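In what comes next, chain A is part of two complexes: it sits with chain B in the first one and with chain C in the second one.
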Partner chain A sequence: MASMTFANFDWGRFKRRSFATPLDSGITVVVYLVLVWLLWQALSWALFNAVWTADGVDQCGKDGACWSVIHARHRLILFGLYPYEEHWRSTLACLAIIATVVISCFPQTWQPKRLAVIWIVGFATYYLLMEGSLLGLTQVTTDQWGGLALTLFLFSSVVLIGMPMGLGLALMRRSEMPVVRGFASLVIDLIRSLPLLTTLFTAAVVIPILLPTWLEGDKIWRVILAFGLFFACYQAEVLRGGFQAIPKGQFEAGKALGLTYWQILGRIVLPQVFRHALPSTVNNVVVTFKETAIVIIIGFFDVLASANAAFGTAEWAPYYIEVLAFVSLIYWVFLFSLGQYGEYLKKRMKVAQR
Partner chain B sequence: MINRTILASLAVATGLALPSAGFAESPTIKAIEERGTMLCSGHNGSYFGFVEVNDKNEWKGLDIDLCRAMTTAILGDPDKSQIVPLSWAQRFPALQSGDVDIIIKATGWTMGRDTELGLQFSIPYFFGGAQFMAHGDLGITEAKDLEGGTICVEAGTTIERIAANYLKSIDVEHTMVSYEKASELRAAYLANRCDSFVAWGPFLAVLRATELENPDSHVILNDQLSNEPISAAMRQGDEDFVDFTNWMLAALLIAEEEGITSQNVADMAANPPNPKIARLLGVEPGMGERLGLRDTWAREMIAEVGNYAEIYHRNLGEESPYKLERGLNNLWSHGGVLYAPQLD
Partner chain C sequence: MDATELKARAKRRKLITQAMILLVTAVVIIGAVQSARVNLTALGITSGFDFLERSTGWSYSFSLIDRDINDSYARTLTIGFMNTVFVGFTAIIIATICGFLIGTFRDARNPALKTAATIYTQIFRNIPLILQGIFWYAIVIHLPGPRQAMSLADGVFLSNRGLMLPVLNVSLTVALGMVLILIGAVFLLKKARIGLAQSVIAWVGLLVFLILGVWGLFVPTGEGVFSWPALKGLRFVGGVTVSPELLVMIIAIVLYGSAYIAEVVRGGLAEVPKGLIEAGEALGLNNRAIWSRIKMPMALRTIIPPLGNQWIFIMKATTIGVAIGFSDLFYIVSTSITQSGQTLELIAILMGGFLLVNFSIAQFVNWLNDSLKLKAH
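Right after this comes the complex of A and B.
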């Protein structure tokens, strides 16, 4: 799709397909005019008639976007309730997480040891900066974390915990030991049949009522663990699909060659499983990113909750569309990159199939 | 939770054993003092005028100011309050599990909450009732005109039930559409997805005031569906904490009555014009000991956050963008229904 630039656009083909008969020509013209009109409307709202400066609120009207609200409230949207003077820490922590994810997307880093080091360093950086007391900075407890910084942290921790757990569950479900297999099936089916909202509500609100205080732990870790388990159950089923695509003969051939279970798994089966499961895995990851917004209901100030707070004062209440457009853009940037990366992986794996 | 219940019941038991114990010892206040912070309820977003976040990412609003007042009374410093963001659905479990010490979150005092949910309520600090708002061009002037219309309402609130009851009693056929969030509700109403919108009166007034496009094209109907007392909610079993909350609210009202403001509180304390003020501001002993606090708690509280009128005007009234009339929420001597118990 990206290859369809103006330089190699096939005008002849376009003409043949869109202007074959007078009716076709008519439809084409009308459709394109409508599209252009819509685009013009959107652009004139978002760009041409928009007010950009923070002190230009008075000029904000009906015809154009009032980006002043983003100007004035972007720090709330990005960092939630994090103390105002410490926002540099939140910024750096966000960058650390993004860098960790980006770096581990490069094939050069795909070795268990390297990945482990990168993720441990990335997460430690995030935690040390955000929490602060170990670095000698002002301590900021997890209940003050918020905005995009919290969304990114929730998302990457959930995927980080969920991926290996999902693989583990998928392997257990394929085990020849009935107890192990039964346990995995039970866990997967049980958790998949509960709504995510209920799972998170239980982790955040009900568990502290049941457990003694010293066992409670911080709310954020309970929620990440529950969310990770939820992700793992879905991921296990995604991987199961991948496993089923692999002929049994390959295991037997491996065994005949005298390879151990882990060697067969690591060198023959898993690379193929991941390839087969890739589209659904990307799906699962993208859905998880969007689902992090559910934490709003258990009182986390994620990027969507802070967006609600951003237009929740008298001054900014009329400009909720601008705030929501800004948040959508944030989501879009992350999810579109994820999707594109999935495409890249697919192409790369095609090479392996040749 | 279990520990706390035991503590609470122990406190009750000892209280029963020693009925003449001179001053109060609330386990909640004790926990707050040991922790050094007071945990109050915030919101997962914002609720106009009551709980909002300013440009510096700090909480503000009527409910937040009451929490800061309480924190000052107990710990002597309003900044020792810690606001825990909570959704509507989460607020009562969060109180029970000890995530917060008190719920001051535009919460109505209902029998179900008072009994089944195991809560205790303070004296009301605000009165507001459910009302309808409708698009002006529909020519609706009273609730009877809503016949056959679509009505939007916030899900899971007392208002949903009150509106259904009311419309049934005046025999109006209608379709109720519920939304989880106030912002969705507002957007649905403004997009003409519903003819009218039933919500808490102050919220409607605030909405109309902030709706820049055409405040006059919306009518708030005169039908007063309810008059809901808004109170602070606390855990059952800590009567002394309820006493304290009540007297904290009372002190704010008495201060308004006597004309004590954050500006003049120091002068008043230096030179109390009457014995009641002298007692309130801790010039004469009595205020503190009976609640297990410092004698000067009310003085410090008023100096930090002001009296009830100051809190109201800062967040909802004249000095706020909402310009909400005091109405019912005025002192009884000024035509409202707020009054303080007697300070003796």
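Right after this comes the complex of A and C.
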């Protein structure tokens, strides 16, 4: 792909457009100079003047990055307080989630059943590895999970729980029964106009007051359920857009054939709705991954919290930029690649529609 | 079975389903109220809004109006609400301007501008907002102190105490009055339909007139019309200080929000039919006229609805304040909860505040959308 776009690159047009008018030439020169200068500054800080080994902390100067802090603290950032000897389990578990996401990017898997199986298997692998007692490994409870592993856990469980909830809400909102419709609209509009943090905070702090003690459950599961509801409300709106793209004649044709409501839905309408809603769904998943960073505020030890802890000691305190840059890079790589994939899907579907 | 019986059966089933939903909702609510009563009694908390009259006894980072450690909860919560609205609107205005600029660059013909704008959006869109906030806050509080502050033309200073700017030497009321006059002038000048050069002259004239007028009327004799920040001992006096928390909130939200708005603007500009632009070129319009008379007016209709969503998003994003110690509504509410224990009432206030603001923004966007609709279609 990349080589093809490179070969197709129109140098003539590029030159013509870069230097169309004297003003354009000026802008081109200035902008490229600034960009090159910025790139040079970034590279000389991050690469050329950087110190890489943990032994060289004393050589860390002001001119370059001190990647020693990552060298020394990356286990904390990636896995939080997970027991040190069991880190291989965290690594495998993270890879399972990443593999699940990557596999579901291939068009061959785009069937509700296959996707459901892939996500449940991926999530179960993660949970069994991390928790461990069912596989005969040392048990590690959820309160010891942390770092990137916890972020990926939150992300995958929210998507897994939120998808069916979103479908349910979208169907309820389309219902002919006024009470069902009203109920779904109320929930969707309410959750969507409140900040995510408010919803999660309510789940973490307020719900225990409203529930009898035996129903409370773990804080992490309450928060995941609330986050799942948040995801579902946005997903319901995404699916609504997909439903609107289906002509009414298709429902009527299904009814004329004597199919039941669920048959029409499952065999005719939903496959098309999912296709239409795919790019927006990817977008919603990307946003969810980004928003998981907020759980640091309600006291979870996610990758951002563990980053704060990584430069929280006196020895590493001056190197906060390196740690935050490292975590930003992790997020950026995930989000950028998923976002580009979403763009690619959008283009692909435009071509298919022609 | 005939058709009428089938229909009646379907109708009955629907009625039963709806009744069940209502029943379950009622049971859940009653159950919640019951256990809330039990749990609150166990904690020794009396529910109700009486606590609003009590004084708080704790301090926080930022307020637009006078505050005191003995303020009542009602006043403290109002300050939190004002802070959220203030930061939200400031960020919305700046982010919208930057977003339109960068979005236009992304749609520009010049490849250099396009590249720069694309890099900007791809960097700031793909890092979580809260992480950006924490990053900028770490940078700002590690800046040199006031004595070694970075300065721009000896009028603007940046240090770990925040950003010091020169301001007009007037009270808040007079400043608000001036803003109102300026807003009035915008509408008047729009009605007057004058050219670009004339309106620039009108604006400069109006500003000079306003400043001189204010100087004569409201500034105490012997003082300058501007108050400049200056280093005295260990801190700055004069001017206005933008605290590190407020500064970071605005920087982080504007960078993140403008990247999103730029995407919305680019999407809108890309949807404008090519034929319209070619028609403009055929009429001999220059690039600026094509942009301002054809592209932007057409694109605005696709831009406004998603832009409204972005505005609401920015308003909600102010809740990251709690991560960097800015006293927005969420910060004040969560501190109040730990201090007073009135969880349910405070959460209701928090939700009510956000619903109010976001509903108003949605109404405004609807009005904007209606007033921009293509007429005669």
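The definition used in the following text is that the second predicted complex is superposed on the first by the 301 of 354 C-alpha atoms of A that agree within 3 Å, B and C clash if a C-alpha of one lies under 4 Å from a C-alpha of the other, contacts with A are read in each partner's own complex, and residues count from 1 in each chain.
Following the convention adopted for this analysis, contacts are C-beta pairs under 8 Å (C-beta built on N, C-alpha and C of every residue); 3 or more make two chains touch, one makes a residue touch a chain.
Because the structure is a prediction, the values reported are computed rather than measured.
Student: After the overlay on chain A, what do you see for chain B versus chain C, clash or fit?
Tutor: On the shared chain A, the partners clash.
Student: Is A:Ala116 in contact with chain B, with chain C, with both, or with neither (first, second, both, neither)?
Tutor: It touches nothing on chain B or chain C.
Student: Counting only touches as set out at the top, which of chain B and chain C does A:Pro212 meet: first, second, both, neither?
Tutor: In the superposed model, A:Pro212 contacts both chain B and chain C.
Student: Touch test for A:Gly299: chain B only (first), chain C only (second), both, or neither?
Tutor: In the superposed model, A:Gly299 contacts chain B only, not chain C.
Student: Have a look at where A:Gly312 lands relative to chain B and chain C in the superposition and call it first, second, both or neither.
Tutor: The answer is first: A:Gly312 touches chain B but not chain C.
Student: Once the shared chain is lined up, is A:Val102 touching chain B (first), chain C (second), both, or neither of them?
Tutor: neither
Student: Between chain B (first) and chain C (second), which does A:Tyr320 come into contact with in this model arrangement: first, second, both, or neither?
Tutor: both
Student: Who wins on chain A residues touched, chain B or chain C?
Tutor: C
Student: Looking at A:Tyr84, would you say it contacts chain B, chain C, both, or neither? Reply first, second, both or neither.
Tutor: first
Student: Using the superposition on chain A described above, determine whether A:Val179 touches chain B (first), chain C (second), both, or neither.
Tutor: second
Student: Contacts for A:Ala20 in the overlay, against chain B (first) and chain C (second): which applies, first, second, both or neither?
Tutor: A:Ala20: touches chain C, not chain B.
Student: Clash-wise, after the superposition, say which stretch of chain B runs into chain C: 8-16, 134-142, 206-214 or 242-250.
Tutor: 134-142
Student: Touching chain B in one complex and chain C in the other: list those residues of chain A.
Tutor: On chain A, the residues that contact chain B in one structure and chain C in the other are 201, 205-206, 208-210, 212, 296-297, 308, 320.
Student: Along chain B, where are the residues that touch chain A in the complex?
Tutor: By the definition above, chain B touches chain A via 1-3, 42-49, 52-59, 82-87, 89-90, 93-94, 96-99, 181, 183, 187, 206-207, 209-213, 320-322.
Student: Spell out the residues on chain A that touch chain B in their complex, using ranges where they run on.
Tutor: 62, 72-73, 75-76, 79-84, 143, 201, 204-206, 208-210, 212-213, 219, 296-301, 305-306, 308-315, 317-318, 320
Student: If we count contacts the way the header does, which residues on chain C are in touch with chain A in the complex?
Tutor: Counting only chain C, the residues touching chain A are 14, 17-18, 21-22, 25, 31-32, 35-36, 38-40, 109-113, 115-116, 119, 122-123, 125-132, 134-135, 138-139, 142, 312, 316-317, 319-320, 322-323, 330, 334, 337, 343-344, 347, 350-351, 354-355, 358-359, 362.
Student: Residue numbers of chain A touching chain C in their complex, please.
Tutor: 14, 17-18, 20, 24, 27-28, 31-32, 34-35, 176-180, 183, 190, 193-198, 201-202, 205-206, 208-212, 290-294, 296-297, 304, 308, 320-321, 324, 327-328, 331-332, 335-336, 339
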